[in-house]
Amino acid sequence: MAEVTAVSSASSARTKGRPNPLTRNLTAKIAAIPMVLTASVIFVGCTIWTVVYSFTSTRSIPRLKFVGFDQYERLWSTNRWLISIENLAIYGILSAIFSLVIGFVLAALLDQKIRFENTFRTILLYPFALSFIVTGLVWQWILNPDFGIQKVVRDLGWEGFVFNPLNNAETVIYGVLIAGLWQGTGLIMCLMLAGMRGIDEDIWNAARIDGIPKWKTYVFVIIPMMRAVFITTLVLIASGIIKVYDLVVAQTSGGPGIASEVPAKYVYDFMFGRTNLGQGFAASTMMLLSVLIVLIPWAYLEFGGKRRD
Amino acid sequence: MSSVSVRDISLNFGAIRVLQDLNLEVEEGEFLVLLGPSGCGKSTLLNCIAGLLDVSDGQIFIKGRNVTWQEPKDRGIGMVFQSYALYPQMSVEGNLSFGLRNQGMARDKVRERVDRAAKMLQIENLLARKPAQLSGGQRQRVAIGRALVRDAEVFLFDEPLSNLDAKLRSELRVEIKRLHQKLTNTMIYVTHDQIEALTLADRIAVMKGGVIQQLDVPHTIYNRPRNLYVAGFIGSPSMNFLDGEIVAQDGGLVFRLGSHEVPLQDYVADIDLRPAANAVFGVRPEHVEVFQGDADGSKPTFPAVVDLEEPMGADSLVWMTLEGQQLSARVEASRRFRRGDEVRVAFNLPMTSVFDRQTEDRM
Amino acid sequence: MTDAALDAPRGPKPRPALSRRNVFLYGTLLVVSVYYLLPLYVMIVTSLKGMPEIRLGNIFSPPVEVTFEPWVKAWSSACTGLNCDGLSRGFWNSVRILVPSVVMSIAIASVNGYALANWRFRGADLFFTILIFGAFIPYQVMIYPIVILLREVGLYTDLFGLVIVHTIFGMPILTLLFRNYFTTVPEDLFKAARVDGAGFWGIYFRIMLPMSLPIFVVAIILQVTGIWNDFLFGVVYTKPENYPMTVQLNNIVNSVQGVKEYNVNMAATLLTGLVPLVIYFVSGKLFVRGIAAGAVKG
């Protein structure tokens, strides 16, 4: 930073002591206009707009007629919203736990200087290249009771075998979870592996000399060292979960009935299907709120910590 | 009985031969330094002794036990790493005790060992801290402590000081030497820093290309380098090499440098000196005497022209041309030389080395 | 073992290929790999079967009689609720969305990243922070105001409107990617170029761009897969004849009319997944680098 100021003071000396803060780096400022517009108009402006309009009675045309928390009261008394929230909670918690655990274990297995590491990694990560739509449709087909796993097992002789998660209101969200994990754990595995590769080889050597078994080294040394990777990954998973939309649309269309609805779908349906914008705004504001609950402590930890270094 | 014995060790990574038929005997209580540039195989050799690398061939004995197939923890060694490799999420106390607790050692016994090591290294007041809260020197001390608590027979150091700044390095160097005097354990120490090697070692093994070039006490390594490589690697400023030939003259041998002849009757030879068409005369700058004006006449002198003077504080280095070849000499800082000065030089013959150009060995 | 007289412990420690560790390690990885590959396999075999065979057999059995009929039908004559000209329309729509979106988003984001890394100006950090946090705001919050903005400028349901949306939402991750990369370019190189009289664009085109081709490739991979796989923006900001491939695929498979043709559905699904899959398998390590750069440093 000191050198940057030195350069700037030199250039201002050249212009005979008339520093003009506006025209300095002018080209850079012009080049950054798209970023400035995106940040201010879209990310800040549009978000505030939606939050403000969520307190109005807007139905099909946005109108600034404030009704306080009416939209929220209606939202929280709607059965479909409550189911959406419950689904999101189940899906979110389980998917966070499973993807962290599976991702870490797979990364640890791949980290054993094994042969064909690249092949295994390619296989574990390829679902991540596929869209949620494709993922949802494939798993809808595999979990199809008349043709999929249930039928195959029944054909093998277990006549009474039942595995039909997508057509049962109680279990449908777990069916979605299976598909979601299949698509996403590869990414988590890759991030964990990158974290493990970042650890000094000598830590492992020191642990070997100390005679610490491998699993103990992972639990007591490596995992604590990877705390930052875990937290970042968790934030990533969390922000992804809240956006879950296409997977449900493709795999179950929210069914059976409304058993697998999620908040993002609620927003879309009320905004564009039922033209009840006010409900959509309130629901999306709730989504924003839940992201903030995850994000703010993380940002505090991450960036508060960095400043101290 | 030797403390560590390395017999015919080879190590290949695929087609690359990192170590070749290497033998090394380290005596009980000896401080041995493995010295060489990066990539010479010195750290690899240390990792083989530690058991962190599997050898391709050969055997390793520690205290008479064949440990070739044994896990690092069973070899009776402690090791200090270049990057310290402290467990960052544990306190200093945790770092020191983790291995012992893991062996199932009783709590009070662990306590006792940790306290003893902490006292020896003067880190008692740091026990509750995390590694991130320590200075580089303190971390290094903790890393040594972790090796210390293991009550190891052999200590292995892998470039332990190279991450520290120059001042701290020289301080810790002295401390490691004191520690060795106190503990009298066998220590094997890897470094690329020749000052560290010369100051610490009982014996130095100079390595290059996976082969030990010379293994001897520092004094011999410095004064009787076995080949051109060792001669050039050790010493700063480095040794002068003058090309010429060895010829028989008047019943004795002389080193012919262009039109001049350096008589070799005072030379201390390793093997029988014989005439050679291609030879190298090696002399360290401090063994070159420079005369301005008249020489005392007691020994043969040769004419040279001064190129430049390099003051180094305590003394100066004078660069000269002798028979078209570069030559440097260490002189008192008070003496003044100018470019173009004509001087005469004399060599301290018993301290010089003559090498065969073909085999590069000292004669 | 410890007898020095014996020659036995010599050379490398013998490690049997079928040790318990190896059996566990490779066994686990093999089972997991099969599980991960299964859906791809099922897609392929189903898409190559005829409907009678699907009704009789099980989804894991390879096709007895290989037929490409479902692929042809999926591409050219499968029906959504509205029309029956197959996925081809969606494919070309996706291409028409993809190309300008990728070019525009990368052009803008790379210049942004460059300005942030090398031409720091007052307020830059503030906007950058907003941009990064913006990446975490659920799209649903911003969707509707953007509809209004696009409608105002007459681009709502227009493909170019969708291109703008992709550029906007690709900006946080790409800007971060480029900024992080450009900060690793030695500061001295940048200073030397300035001393030589090069300006903002001169340095960008002559020094930064040629030095950063790998990161551009990473960005392209990231954007192509991301935009191709998008569903939400496609369905919100376009009209049915402009629907991208993912939206059309969903409409074909989940259309409630007519008899379900699972083989056609799977062929259509595979077709849609083909573009990102090919990119993934061809790009290999760069793909991993892209997602890791995007995620870890975020």
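Note that the chains take the letters A, B and C in the order they are written out, and that residue 1 is the start of every chain.
The rule we apply is simple: a contact is a pair of C-beta atoms (placed from the backbone, for glycine too) under 8 Å apart; a residue touches a chain by one contact, two chains touch by 3 or more.
On a predicted model such as this, the values are computed, not experimentally measured, just so you know.
Novice: Which chains touch each other through the most C-beta pairs?
Specialist: That would be the chain pair A-C.
Novice: Among the chains, which one keeps its Cα centre farthest from the Cα centre of subunit A?
Specialist: Chain B.
Novice: Centroid of subunit A to centroid of subunit C, CA atoms only: how many Å?
Specialist: Centres of subunit A and subunit C (C-alpha means) sit 15 Å apart.
Novice: Which whole number of Å gives the spacing of the CA centres of subunit B and subunit C?
Specialist: Using C-alpha averages as centres, the distance is 54 Å.
Novice: Applying the document's contact rule, which stretches of subunit A touch subunit B when the two form their complex?
Specialist: 200, 202-203, 205-206, 208-213, 216, 220-221, 224-225, 227
Novice: Which of the residues in subunit B end up touching subunit A in this complex?
Specialist: By the definition above, subunit B touches subunit A via 47, 50-52, 71-74, 77-79, 81-90, 98-99, 102-103, 146, 150.
Novice: Which residues of subunit C touch subunit B in their complex?
Specialist: Of all residues in subunit C, those touching subunit B are 1-4, 6-7, 9-14.
Novice: Hey, which residues of subunit C end up touching subunit A in the complex?
Specialist: For this pair, the touching residues of subunit C are 25-26, 28-29, 32-33, 35-40, 42-43, 46, 54-55, 58-60, 108, 111-112, 114-116, 119-122, 124, 127-128, 130-131, 133-134, 136-146, 148-149, 167-168, 171, 175, 187, 191, 194, 199-201, 225, 228-232, 235-236, 246, 249-250, 253-254, 262, 265-266, 269, 272-273, 276-277, 279-281, 284, 287-288, 291-292, 295-296, 298.
Novice: What residues on subunit A touch subunit C, complex-wise?
Specialist: Within the complex, subunit A contacts subunit C at residues 3-4, 7, 21, 24-25, 27-29, 31-32, 34-36, 38-47, 49-51, 62, 106, 109-110, 112, 114, 118, 120-135, 137-142, 144, 147-148, 151-152, 155, 182, 186-187, 190-191, 194-195, 229, 232-233, 235-236, 239, 242-243, 245-246, 249-250, 253, 263-264, 267-268, 271-272, 277, 280-281, 283-285, 287-288, 291, 295, 299.
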